[in-house]
Every structure is written in C-alpha cells, then in structure tokens.
C-alpha cells in the first residue's frame, strides 16, 4: 500500500464530490488505467465521473501522463477533464 | 504632351536631386518603361538614379503599377526604391 | 544574445493586469528588440448570454506546465523575452483572461512563438472554464474543441 | 457581425503612440471580441551602431496603400477590429515604428491578419528607412530583403 494525494478538478471534482483526498493505493494497481478502473468501482460518484475513462486527463506529480503510465513514485495524482483555458 | 507631377523618394530622390517636378511628357511615351528610359537620358543624376530600372518601383496616382502599365490618365507618377517600412 | 539565456515570466493570478505595463517590463533595457507580438484572450459575452466565465485551475501545476511550454518556445525561436499571464476566478465579459507576449529581433519568430504558446496553453495548461449565465445561474463547463487539438498538432 | 462592416483605423504620424490606448480604443464596446493580437515594430540599435532610424514616406499614398492592405485583411478574416499606425521621421532605438492590432472572435484569425498586415506593410507601404550612425553621420538606406518578399508571397 502506498499513500498518495488524489486531486480532482472541474466536473470530475463535482461528480466525485470532493476536491482532494489522501488514499492508500492497493499494491496490485500498476498503471493509471488500473487506478481509474479501481476508482470507478468505489461508488456512484466515481462511477459517474469516470464513466468514459478515455476522456479523463491525468497528471502525476503535476506533469501530464497517459493512461499507460506506471504509478511508482506518484505522490500526487490529479484527474480532470480536457483543459479549456487560454 | 501631357503635364504630370513626378515625385521621387529615398535614394532615387537624392540621386535625381529633387523631390518632385512638373513635367510635360512627350506623346510617344506609352508605358512606365518608356518613361524610365526617357528620364535616364535627361542627365547624369537621372542616369545614376535609374541605372538599374528593374529595381525601380513606380506608382501612378498613388497606386503601385508595374513597368508595363500605360501612362494614360496619370496625374502623379512616383519613382522610388523597394520599400523598407514596417 | 541567444534565446537560451531568456528567462520567461509566468504568472497565474486572480487580479487583472495591464498589457502596456507588461510589454514595457519585457522591453526594458532591450535596445535590440525589433518585434513584440502580444496575444490577449478576452472574456466574451457570447451575444449577451454570459454574465461571466469562471476559471478553475490546478495551482502549482498551472505555473509548472506554462513554464514548460515557455521553455519549449524559447528553445524553438530566437526570443529576447517571453511573458505569459493567466487569470483564474470569475472574469466578466471584456476582461482579460490570458496574455502572451513574445519579443524577438525577428517578427516571424515573435508571431510564431506567441501562436505556439497560445495553442499549448489552450490544450495543456490545467485550466477549466465554466459559464455563468446572465440570469445568475451557473451554466455548463465549456467543452474542449477539436479545433484546438488540431491547432496544437501543427507544431 | 461579419467582417465586412469593420472600418479599419489607419494613421501615419510623426509622434509616438501608446499601445494600450490603441488596444482600448479598438476593444471599446466590443464584448464579443475574444482575441486581440498586436504587433509592435521597434527601432533597434543594431548592437549599438545606430543613433536613430529616419523614415521617409510618401504622404497620401502611405495612408491609401495601408488602407488597401487593411481592407484586404478585413475581406480575408472575420475581424471585429483592425488598426495600423506607422510613424515617419527620426525614431530612436527602443521607440515604436509601427503597430498593427487585429481583433477577432477567433485567435487564429487575429494572428493571421496581424501577420498578413505586417508582411504587406513591409513590402507595399511606401516607407524607406535610412540609418543614422552613432557618430552622428547619416548612414546608408536600408536594403529591402528577399526574406520580406518571400514572406509576402505566402498569402
């Protein structure tokens, strides 16, 4: 088990119902994709937020990563919709 | 014979030695090219200014024209080097 | 004189900023700057439909990501200065959302670097816009556009 | 709301101008402006060699020609505003020579229109630069560059 901070933004945050949480990741989660599937199963809010995991953007330690990225070394993992700034 | 105002700018003006002059154009001058050749023959200043006529830019009535343009309707003809503003 | 010594200015802030002041700051002491391009992104009212845009951002990562985009621009173009400022919070129509300022000896470099910065700010900087409607209710989150993704891929 | 109703602002003047003021003037009352791109061309000292640039122009034609270039830009892009100001006379390093401001709902249109304006200002507007050297003597007339011609032909 590894402790990480999860952060959520925009409608991902709204659907999950919290902006951030500290969580113990099970050792069998290897990649971002594994994490998204595991979170989906937690409750209806997560399921709703992550229903289309392919559109979810992910940052590990404040850098963009793709869904194949491994979770080792992650202290902060953020999930959010595609960006619409600028 | 038609009276037109000739205007010169930048190093064309300096070599010819005047900024503008009113001139009677001989009736046998049809195009801008004819005018450049005729001016070249006027004196050493014109010859020096117009030695390489292909680089001289021409405007008739304050619009760019090429050297094949006919002179009919010209009230003001300007000769100048390639522009370097902006 | 190479672009490699240029340190970009990156700021994320709630308060508005002054374009002229930022241009002057960038140009100060640079008598070899020939070209300055600015891009200002403003809040639109969408034909009177919006009272405001709300910009959520990811503090920390927003600065870091825009800094990375700026460093890439400095690597690619011979710039003499580069500034990017992005606001967050509630922004009303007519106000600035973002500005990018690129200075160079060469106009093409300044134009391209500013356009590059904006394309990547749109698609990589962690900001999210939500509409606030003229009747006072929060509207929908703005969708990302395919056009922005396409524009980013040209670089 | 089409670009066809936009009337460009074109000024040829000796005195300097204020970028922020010109941007504010262009943006006034336009709550549907999403993007403003400015290009400022500044006098360089060319590594300390120059004391000034002298800009000669063709009064009357300068306004007319820049007006024609601006009308073409308005035909080509969906602009909500367009300003071009070009100075003449003696201009010292660090001062403005020219500014173009293009406003649009779309950033790409604003970028392209400003770049288009500058390419054509460089090669079609009747202005000629002469260097004034640091020792006080008038230097040579600046040569037109092939790069500027090439840049113009891309449109």
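Each chain carries a letter (A, B, C and D) given by its place in the written order, and its residues are counted from 1.
Simple rule for what comes next: a contact is a pair of C-beta atoms (placed from the backbone, for glycine too) under 8 Å apart; a residue touches a chain by one contact, two chains touch by 3 or more.
Just so we're clear, the structure is a prediction, and the values are computed from it rather than from any experiment.
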Among the remaining chains, which ones contact both chain B and chain D? none
Centre to centre, by mean C-alpha position, how many angstrom separate chain C and chain D? 22
Note: chain B sits from chain A at a C-alpha centroid distance in Å of 72
At what distance in angstrom does the C-alpha mean of chain C lie from that of chain B? 48
In whole angstrom, the CA-centroid distance of chain A from chain C equals 27
Send over the residues of chain A in touch with two or more other chains. none
Indicate the residues of chain C shared as contacts by at least two other chains. 41, 118
Going by the touch definition at the top, which pairs of chains touch each other? A-C, B-D, C-D
Would you mind writing out the residues of chain C in touch with chain D in their complex? 18-20, 23, 27, 30-42, 44-48, 93-94, 105, 107-108, 110-111, 114-115, 118, 151
Seen from chain B, its contact residues with chain D in the complex are 7, 9-11, 59, 62-64, 78, 80-86
Would you mind writing out the residues of chain D in touch with chain B in their complex? 41, 55-58, 60-61, 64-65, 86, 97-98, 118, 121-130, 141-144
